[in-house]
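Please find the structures below.
Two complexes follow with chain A in common, the first pairing it with chain B and the second with chain C.
Up next is the complex of A and B:
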């Protein structure tokens, strides 16, 4: 095997430009695969981190009637949890309402939250500090769509527990910036005490956010969604993104492998005399097949080395500066940061190396198999078609 | 050992499929070669010289009959066994040298020794000895593309001889060389034959080569027409 590597190395170096073209294209595929996967992994980690920090905490205890995908459930999806059971939980009451910014009518979701909570990153302390009669927090997306800024007053209309409409002016006490659009789009955050007062639903909550000390328990009328459950949609989206990405990089890898395959087919055809000479000098056909296969594998080994030489500085730069995402990506409805910081783990790099080397070895072996059936006499004469 | 046949060809026939029929390249050949012979298969193109040489080199096998080389029937050898036979006991010299273009002269000669797993220092000595035999010790670092045809063929001889084989099979070794180089090559091989007692077998229709042979086997249409010992070769 050592001999095959020595000979293959000499043969590849001897082939000059052809070798470096194959190595170049394969190393490009190698770098792109790592880059793309690193970006998806970076996005994945960042999205999960942000979703946990801003929305899910360590899980949600939801009222049985509440279905976040069905707004018709909001009206009746609330209940009271005994105080001793609500330890390590932050209550959130969700109600539907309408605002009238600048004479327009906009349906919104109003969410009451404990202003002293520390579980979520929402800056609820601003609600405590505000002097306004009914202070609210909104996200940058909500502020943009309603054309509101800090200190603005806007008319809010809502219904109490009996379905009676009421309306008053509320004040934007703060605008927060988050990567998690599901706590921003179409939502107003208000002190839960104030919302209880406004709706006469004192002590009620639609859901509770668990902190790290919470121990899940079975409660009638409530069901606990673990962090894993809550992140499932995000994981599914990322998995789908990975699959669609893998199609792209498999295409790229296929082009690179096609170049190696083509070179190998040409090599087996053009180097018949050489193959015949190897056999005449005492190599077995299996050794010659091995030599040609190792030559193909060495393209990938060289490609990974070359890829590392120019790829690693790029990856290091990317992990430090991040990759700016277009502003349109903020409207996608899932957590996308303005800058994604790719994550290039050892698993990703070594996994991709194995993928590239294994696939290059396979496509090199396929044409090289022909050598095993070659008649050495015909090979020496260069007569094979 | 001196009188023992190193190669024994017994009723060898070789047929190739051609279209719907068959072409008979060799027909019922019977020949014996002893150690240290300097013999040649001579005859016109298509007479079966190269086919017979290939069978003796275990690169091919007969359709009928037996080719016993170094006591082994080549038709019964596995790929691995025949590769071992070639690697250890047979050296080849080809008409167009067949040097490996990406290797230096040294590496070309060294190749057969690499297959024998000989250690580097011994390998180096053996290669340099072989290059000295052919007078090319100063060209060890050159690539085949940088040397002349005559030098290329001398490298091929060094490559065939470096492993000290019992048999060297040379297929038209002078066909691409001018007269001066052809004589140089033949003299080198003759000297190695005498010094190392290596059996040399040529396929040729070059009269210069014939002038060095101790035995000439005339082939025609795949049959032995004449097998003549030569007491006093012209250039010996």
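Up next is the complex of A and C:
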């Protein structure tokens, strides 16, 4: 086997530019696979972390009638949970309202939250510290779309529990910046006590956010969604992205493998005398097939080495600076940070190495099988077979 | 001394005798404004920053809860239909050939850029059923003498807690309405004019709605033709009629 490696190495080096072209394109495929998957994994980790910190906490206890995808349900989806059952839970009451910034009319969702909560990263303490009569928190996206800044007053119109209109001025007590647009777009955050007073829905909540100490209970009229349930949509999007991305890099890998395959076919055809000599010198056909296969798979080993030489500095640079995402992607409703920091796990790197080496070995072996059927005398004569 | 006292009190007494009861006024207003059925062709003139747009429509209304409208012009809106059954509202758009039920945010959006929201269009209960009324004064609007009424909700689910109405003393038609939030904030103002007698009842053919929280001149609603209490087949108030 050692001899096979030595011979393969010498043959590859002897082939010169042809070898380096094959190695170049294979190493490019290798780097692209790791880069793309690393970026998706980085996005996955970041969005999960941010979604948990800003929106989901350790799960949501939702009112049975509440369906976040159906705005028809918001009107009646609220209920009261006994105090002893609401330990380790942060109540959120959701209502719909309209704001009138600069004489324009904008429908919004108003969310009442316990200002003393520590489960979510929302800076609700700003609501406690504000001297305004009705202080609210908004995100940067909401602030941009309504053209509001900290300290601005805006008229809010809402309906109480019976559907009667009420309206008053509210003050923007703080603007938070988050990567999770689902707690920002079209939303105003307010103290739940204030919202109870405004809507006459004292004690009611649409959902509760669990903290890490919460133990799920079976409660009539309430439905607990675990963190895993809540992250399912995000996981599905990421899985879909991985599959769609794999088409691109598998295409690239196929081109590289096709080049190796062609090289092998050509080698078997042109090096018949050499094959005949090996057999004449006492090598079995299997050993000769092995030699040619090792030669082919050595392209992939060289490709991983070359890929590491120029890939590692790029990957290190990317993990430090991150990859800027277009601002439009942050309006899509899924958690995307302004910069994604790729994550390159050992599993990803070794998995990609195995994929590249195994596929290169396979495509090298396929043309080399022909050697097993060769007549050694004809091979020595260089007769076409 | 007594005579002098009578002389002072008499005008006030006579005035009290002449001032009708608020509930009576509301009843008469409802009689004019609300009918069993109506079929109308109207224009909605939306005054925007860049000019005005006119949208014409034909509407069918039955009872207090069912209505059906079809937009006739401009070309962009032609064929758009709106159906309201109880507290649900559907819109059919011919360009997408789809019917959608409006809810939440969408209900609070303005109708074709006007000062009316879809939920405003869904308010159609009799004033008498919802409000207690008190005559608080008299005023003159457009040369017509009016009673000024303050209305306060007597039911929990009134859309506006308070209203102020200027009711024509002779024709029992509101000539001006102001609608207030619970906090007392003025939300909407409606000016009604071009009052005509149609099918034995007085009816204002022009209404100007102004959302007081928004900039702009408001929206004019002009009734070109209206007939009251004519038979309307039931199939009109059906979701299937949206796609016809």
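Of note:
Rule of thumb we're sticking to: the second predicted complex is superposed on the first by the 384 of 385 C-alpha atoms of A that agree within 3 Å, B and C clash if a C-alpha of one lies under 4 Å from a C-alpha of the other, contacts with A are read in each partner's own complex, and residues count from 1 in each chain.
Basically, contacts are C-beta pairs under 8 Å (C-beta built on N, C-alpha and C of every residue); 3 or more make two chains touch, one makes a residue touch a chain.
The shown structure was predicted, so the numbers you read here are calculated from the model rather than taken from an experiment.
Superposition model on chain A: chain B and chain C are shown accommodated side by side without a clash. By the touch criterion defined above, A:148 lies against neither chain B nor chain C after alignment on the C-alpha atoms of chain A. Once both structures are fitted onto chain A, a short way to say it is that chain B and chain C open up an angle of 150° at chain A, using Cα centres and rounding to the nearest 10. In the superposed model, A:93 makes contact with neither chain B nor chain C. After overlaying the two complexes on the shared chain, residue contacts for A:318 are found with neither chain B nor chain C.
Of the two partner chains placed by the overlay, only chain C lies in contact with A:71; chain B stays clear of it. With both structures placed on the common chain, the touch criterion links A:256 to neither chain B nor chain C. Of the two partner chains, chain C is the only one touched by A:163; chain B is not.
Least inter-chain distance for chain B and chain C in the combined superposition, rounded to the nearest angstrom, is 71, based on C-alpha atoms. Put simply, chain A uses no single residue to touch chain B in one complex and chain C in the other. Across the complex, chain A is touched by residues 101, 103-106, 108-110, 117, 153, 156-161, 179, 181-183, 185, 187, 211, 213-216 of chain C. Of all the residues in chain A, the ones that touch chain B in their complex are 3, 6-7, 10-11, 13-15, 273-274, 276-277, 279-287, 375-377, 380. Interface residues of chain B facing chain A in the complex, by the touch rule stated above, are 54, 57, 59-60, 79-80, 83-84, 86-88, 92, 94, 96, 98, 100-103, 107, 111-112, 114-116, 159. The touching residues of chain A, when paired with chain C in their complex, are 71-72, 74-75, 96, 98, 100, 102-105, 107, 109, 155, 157, 159-160, 162-168, 186.
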